[in-house]
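In what follows, a single structure is set out as structure tokens and then discussed.
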Amino acid sequence: MPNRRTIIGVIGAGQCDAATEAQAFEVGKLLALRGCVLITGGRGGVMRAASEGATGAGGLVIGILPGESAEQANEFVELPIVTGLGEARNVIIARTAHGLIAVGGEYGTLAEIAFGLKFGKPVVSLNSWPVDRHILQVSSPGQAVECVLKAIEEGHGQAGAQAKNG
Amino acid sequence: MPNRRTIIGVIGAGQCDAATEAQAFEVGKLLALRGCVLITGGRGGVMRAASEGATGAGGLVIGILPGESAEQANEFVELPIVTGLGEARNVIIARTAHGLIAVGGEYGTLAEIAFGLKFGKPVVSLNSWPVDRHILQVSSPGQAVECVLKAIEEGHGQAGAQAKNG
Amino acid sequence: MPNRRTIIGVIGAGQCDAATEAQAFEVGKLLALRGCVLITGGRGGVMRAASEGATGAGGLVIGILPGESAEQANEFVELPIVTGLGEARNVIIARTAHGLIAVGGEYGTLAEIAFGLKFGKPVVSLNSWPVDRHILQVSSPGQAVECVLKAIEEGHGQAGAQAKNG
Amino acid sequence: MPNRRTIIGVIGAGQCDAATEAQAFEVGKLLALRGCVLITGGRGGVMRAASEGATGAGGLVIGILPGESAEQANEFVELPIVTGLGEARNVIIARTAHGLIAVGGEYGTLAEIAFGLKFGKPVVSLNSWPVDRHILQVSSPGQAVECVLKAIEEGHGQAGAQAKNG
């Protein structure tokens, strides 16, 4: 029987500046070094940088693609899951990951954060949307990774979720 | 050939207090009086109150249901669309509506607002998440309805959307 | 409280010959005359012809669109539901309709028939896939409409479904 | 940059007899020995048996789950992808796999076969639905695996798909 590893979602914009990319790369790398599987939306920007970081450190990278072809995955995705569902694929990332790390991000990232909170997952923000006190604010990639893993271990996220419905 | 009427989404929590319900009822009623079709998630709370308001004023009400049966629709939904997609059905409401009015709301509503902004739809907030300057803040049901219809007429929402990607 | 009308799905290919179109038109027309709401995939071929028939007879037509814009609906769709889900939108038609009438059709239609059978809905075939004895074979539009309405009234479909799982 | 391995979907009923289970086990095992990643719907019956076969031979197993929790995955799924999409998750398997092997199966399997054919994927049937001449009929697990890999290598499936629309 296989051991199931912890799966962490890294979410953020498909286009971003070099500083955000560098942070996403570092988050991906640290997650891989901690033995986590990385799940992202499989495309560019934050998704690609985190995947590159994870791959370079020997990690496994899953990409949940919005379109109809594996061709749209960035080159660091090892397992492209082709959904054809457009933005609805965000729900799959939020449901599959044990915790989420948002790095910067635009409206798609905000939707993902909202789903993560709704599903009771720990959500860590590195310069992302500060919309809710249940989001764990951090200021470095290292803190982001430690914070999400600690919250998963302690069963956080679930509590916030149970107080909310709608 | 049928005329296509303007479709407005009213979004909010599945459970809410009486004051929020009264506002949602009034929004639904005013939308129907302005000739709009109402689309909601088809369940309780804000969704049910808006549907009751619209139905009482002779409006047509569509409910985009998360579960696998029309039985879960509130009694004021005339056309239950049964998706079986869970929370991913929020994407359908945001894509189908020409504009969205959020009345209060929790994390599911926040995801819906984010999708609405991403898809370039006008999003009006009546005591809902104040997360972004592109959300149109109003303080009464009457303002909410006028504001969303004016924004649709003027093609607002689209502009905000084009500046964003991710 | 609104009365919920019977919703019937007409499924078939997006491109078809004139004879198939004529049959789909007639099916749509007869459904409208019997007071049913028509639901289709909202595009061309069988979907468009059935919608034209229903609209001409004063019926209400819902189109469950695969793409991201209402623009792709045929001109006889009164209520375009924009899913952005691609082929996964077929599941919504099979779940929402009380019964399905397949007119000709290719692989997408076969998937729809399979979902209809799985969900325990009566499925009528007019020159469509003869894959299973639970599919009700008919030879004219008039028979198709009578057959599906009779099966719904008698609660057929459900029985077949309960014997099946997988 | 990671090498992308061939991903094969094994589809079939969630409950099945011992003979079908034995075939599914063997298919899973042979796929793993050929270096393929296995993708299934993640649940019981054929899905579980194929996953057990693949895991025992050192293969990687992805389960695309219909429900809202990884708990519903069988114990041989290494990577549970939690969709919450119900039957619509079948589309993801058909889009993600490079080829499909159907082992027995009921209506859900038929829908999957139809989507596979629609998306131009090679579809191999081992005692499954004989609905179309494009389905490759085989009589043993060994033949099933060789047949699907040969078809992928030769680019089959695509041709059939291009002649079809709807």
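Here are some notes:
We just call them A, B, C and D in the order they show up, numbering each chain from 1.
The rule we apply is simple: contacts are C-beta pairs under 8 Å (C-beta built on N, C-alpha and C of every residue); 3 or more make two chains touch, one makes a residue touch a chain.
As the structure is a prediction and not an experimental result, all values here were calculated from the model.
A comparison of the A-D and B-D interfaces places the larger number of contacting C-beta pairs at A-D. The most distant chain from chain A is C, comparing centres defined as mean Cα coordinates.
Chain A and chain D have Cα centroids separated by 27 Å. Inter-chain spacing, taken between the CA centroids of chain B and chain D, is 39 Å. Multi-chain contact residues of chain A (touching two or more other chains) are listed as 68, 84-88, 91, 119. Residues of chain A that touch chain B in their complex: 12-16, 45-46, 85-88, 91, 105-111, 113-115, 117-119, 129, 131-132, 164-166. The part of chain C that touches chain A in the complex is made up of residues 68, 84-88. Those residues of chain A that touch chain D in the complex are listed here as 1-4, 7, 37, 55, 61-62, 64, 68, 70, 75-85, 91-92, 95-96, 119.
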